[in-house]
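Across the two complexes that follow, chain A remains constant while its partner is chain B and subsequently chain C.
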Partner chain A sequence: MISLRKVWIVAERDIKMFLRYKFLLIMRAIWFISQIALFGLVVNHMFRVDVQAAVGGSYFNYYAAGIVITMLYSTTVFIGYDIYEEADHGVIEYLLSVPVSRKELVLGRSVGGGLRSFLYVGPMMLFVLYLIGVSNPLQLLVALLSLFLFTFGVAGFSITLAVSIKSSDRFDILMGVIDALIVRLSTTLYPIAYMPPYYRGIALINPLTFAADFFRWGAGLESAASVPPLLAALGIVAFFSIFTFLGVVLHERRLEGGGWQ
Partner chain B sequence: MAVKPILTIVERDFKYFFRYKWWVAGMVSMNLADLFIMAIVYTRMVKPDVITDYFVFFAPGLTITALFAAAFMIGREINMEVRREISHYMLSLPVKRWELAIGRVLAGGLRGIIYMAPLLATTLGITYLYTGAFPAPLEFLTILAALFLVSLGTSGLSIALAVSTTSFEKYITARGVVYYLLFFCSTVFYPIGLIERALPQLTLLARYNPLSCGADLSRAFLLRSPPFSPYMLVDIALYALVFASLALFAYMKVTQK
Partner chain C sequence: MAPIIRMVNLTKKFGDFTAVDHLNLEVEEGEILGILGPNGAGKTTTLLMLTTVIRPTEGTAFIGPYDVTKEPDKARTLIGMAFQEPKLLWVDSPWDILNWHAKVCGLPPDERAKRVRWALEELELWNDRYKSVHAFSGGMRKRVEIAKILIQRPKIAIVDEPTAQIDVVGKHRIWNMLRDLRDEGSTILLATNELYEADVLSDRVAIMHKGKLLVCDEPKKLKDSIPGGDVVEIALEKDAPEKVLNELREIPRVVNVLTVKPNYLKIYLNQAEEVLPKITEFFVKMHVQIRSIRMSEPSLDDVFAHYTGLTIEEAQRE
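== the complex of A and B ==
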């Protein structure tokens, strides 16, 4: 039987740990600002009129909404790096000795990983929503709830990879490769209509596409969404379910026994 | 100061570089994703009067992104050495500190060039196929020299960053900040005219950004636009000199602690 209280204690610990990384949080905010204020503004002048129309009138707004999702993704993935830090400092053994079951531990970590990235990206998300101008608050609320599930799924995904690989170097480079592919083969940066046909198939089943399109739908950029909202929501639920389940199973089986590099 | 100990250090760092096959494979795939996914999609979206073919425009920029990633790897290793106090072992070697520091900075620069070589060949192939232009031997040597200097400067920058913190996460995050600020305020991804229109207050910074000079110098010989200007080489040489010197002093200071 899973105790929700214990799950929350684990999640709370992860949130507190995250908020201690002030330097990293400030630096990552600079990442966001430079992507929006430098790349976003310049690239906005580069695209044709039909592109601007296809993305809901302004590529800048489309891009800003997409960057929020990439930030949400990259911040949530951080939980995997935390696991390596803990392995490095012997904290994993300590965590295994506390009166919390493996299932509660990994669920707590997924929830904590998702919540803390939501807390962190929250102000940037509000700023982008202010730029776009929200037209339907209820629609936005539904989208934000789905994004919660998306972040839990990403945390589960990161934990799954971290405990499967057990090598910080390989994990770092694999996350870099996945990040490069998952972001570029999604609708976070550009709409599906402008992708060559051989990339469209992957983009249509990419969880970042679901999250970006659903967030845009919530923010009132419906015309910019490539995937219907219901399908995007189902995609996010499927992603969350698969990776939370995998995270729980692998965490239970592979956390013990050392072998961390 | 002897050359042989410096070469030994360079050789050691070189061998280490090729031990990280996973990293190299990962970096190549990241760089190729930029060219074969992002640039291809952008080509379908860009105004033709701004950039005729974004894929071809971006190809020379790819060498700079590749070079930057590879040259920054030396910083990652030095950061790890400082954290795990392997630098103490390095100090016990029969090599002077100056020689050790010069060897590390040089190795970082050379690793960038070696890693970038296949990507430069890809760029040459793409620009030749699309434009029919191929650089003359002297032009090609100028590109190589300029890229080596960019690599040397970047290696220096990464070492200076690496020794300023003992936290790996801080180093990785600071690398991200440097990457975004240097690349987005340069002509690697877009031409200077576009920066002038969108962010006029940053034009000067973007024009004299060494990454802009490196990318534009390559484009001058590979795409014949923008025109080559000697100031590009001077700018890149200054970047290399400043950051290589900074790295030498910072590395020596940290290893002396």
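== the complex of A and C ==
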């Protein structure tokens, strides 16, 4: 039986921990602002009318919504780095000794990893929604709830990789590669219509595509979405379920016994 | 009364290396049981199996009624552990660490605040409660680690070298706090390689070496049990040749001779007052000059030496 109180206590710890990384938080915020205020605006001026039409009228809006999702992804995967930090200081052993089940521990970490990212990206998301101009609050609420699940899934994904690899250097390199592939092979930055056909298949099953398209749908940019909203929502739920499950299983099997590098 | 901890053939292997070898040991409720042994004896590995941090390779242990291999979640509800190396992140403050620990252990908010404050004050950390542990000395970090179990007051408190890196005054304070914890109803399992700590703090001492349990009993009984109730320590001007050692062992009432250093011997014997003159005569006859002679009561180190042929210091070096 899983105790939600204990799941929350674990999550709360991760949220508080994240807020202490002030340097990281400031740098990521500057990165976001420069992506919107520099790259987004400049690139928007470069595109012809037909390109703007393909992304729902404004590439800037399309891009701004996409960059929120990449931001959400990149801040959520940080939970994997936390696991290495904890392994380095032996805190993992401590966490394994407290009266919390392994399932509560990994669920708490997924929830904490996702929620803290959501809280951090929240103001940036609101800013982007303000720029886009939300037309249907209910639709937006559904999209936001779905993004909650998306962040939990990303946290589970990061935890799964961290406990499987057990080497911080390899994890760091792998996350860099995954970040390059998962972001570029998705509709976060550009519409699927402009991708070569052999990339499209991958982009259509990419969780970042589901998240970006569903967020755009929620923000009223329906015509910019390349995946139907229901399919995107189901994709997010599947992503969340798979990686939360994998996180729980691997956490239980791999976390014990040391071997961290 | 049923033991509160029962280890049954508890074994842990890391590849070909056996860290804990078929350990059978019982801990009675309300006692302080010291596990004494040099580094590498298997003490910490044993404790980590009891706290379910690592799984046994073979055998099991029961924490109360719970088998650690089958019901680890339930077993952990009875346990609190203070680790050998403090498990703290550098961004944490003592207040956050202890408050979260109290919370995860299920203490209600009022009690939590009271106990955290009490432990921080007792361990002289109150003024530094909001500082990052990054700036703390080894001793201060160790005190934060110990504070966890003092706050939790678990049914079974497991402490791994609780006073390592702590000054003498601090050691006595922590020993008293552990005794108070025991008096309030906790059972304490203490791993240490400090002989004095094991002697003064433990109701019973289990001596481990190379993953095996050598003996377990009350400290006094252990010391009384070794043959040769008196110990004579002799420092020589030069190293004692093997021949001298062999002949020394032949002197009546000499039970054992341990070479602590080539020129420092520990002689276990009966009726020292009668045998000592014979020993000094013997060294004169063998032309080995004595620098000093000291008589002492047997210690736990002598018990360890009786079973292993090594002092704890020697075993540590091995």
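Keep in mind that, in the parts below, the second predicted complex is superposed on the first by the 261 of 261 C-alpha atoms of A that agree within 3 Å, B and C clash if a C-alpha of one lies under 4 Å from a C-alpha of the other, contacts with A are read in each partner's own complex, and residues count from 1 in each chain.
Methods note: a residue touches a chain if its C-beta (ideal position, glycine included) is under 8 Å from a C-beta of that chain, and two chains touch if they have at least 3 such contacts.
As the structure is a prediction and not an experimental result, all values here were calculated from the model.
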Partners on chain A (chain B, chain C) - clash or fit: fit
Contacts of A:L221 with chain B and chain C, given as first, second, both or neither: neither
Partner chain(s) touched by A:A233 [first = chain B, second = chain C, both, neither]: neither
First, second, both or neither for A:A143, with chain B first and chain C second: neither
Chain B versus chain C as contact partner of A:L174, first or second or both or neither: first
Touched partner set for A:E93, first chain B, second chain C, both or neither: second
Touched partner set for A:I9, first chain B, second chain C, both or neither: second
Degrees between the directions from chain A toward chain B and toward chain C, using C-alpha centres, nearest 10: 90
Which superposed partner A:S101 touches (first chain B, second chain C, both, neither): second
Chain B versus chain C as contact partner of A:Y190, first or second or both or neither: first
Chain B versus chain C as contact partner of A:M17, first or second or both or neither: second
Of chain B and chain C, the chain that contacts the larger number of chain A residues: B
Least C-alpha distance (whole Å) that remains between chain C and chain B when both complexes are overlaid: 10
Intersection of the chain A residues that touch chain B with those that touch chain C: 21, 85
Chain A-touching residues of chain C, taken from the complex the two chains share: 48, 51-55, 73, 76-77, 79, 81, 83, 85, 87-91, 96, 100-101, 103-106
Residues of chain A that touch chain B when the two form their complex: 21, 23-24, 27-28, 30-31, 34-35, 38-39, 41-48, 51, 81, 85, 169-170, 172-174, 176-177, 180-181, 184-185, 189-190, 194-196, 199
Complex contact set, residues of chain A against chain C: 6, 9-10, 13, 16-17, 20-21, 85-86, 89-91, 93-94, 96-102, 256-258
Of all residues in chain B, those that touch chain A in their complex: 20, 22-23, 25-27, 29-30, 33-34, 37-38, 40-42, 44-47, 50-51, 169-170, 172-174, 176-177, 180-181, 184-185, 189-190, 194-195, 197-199, 202
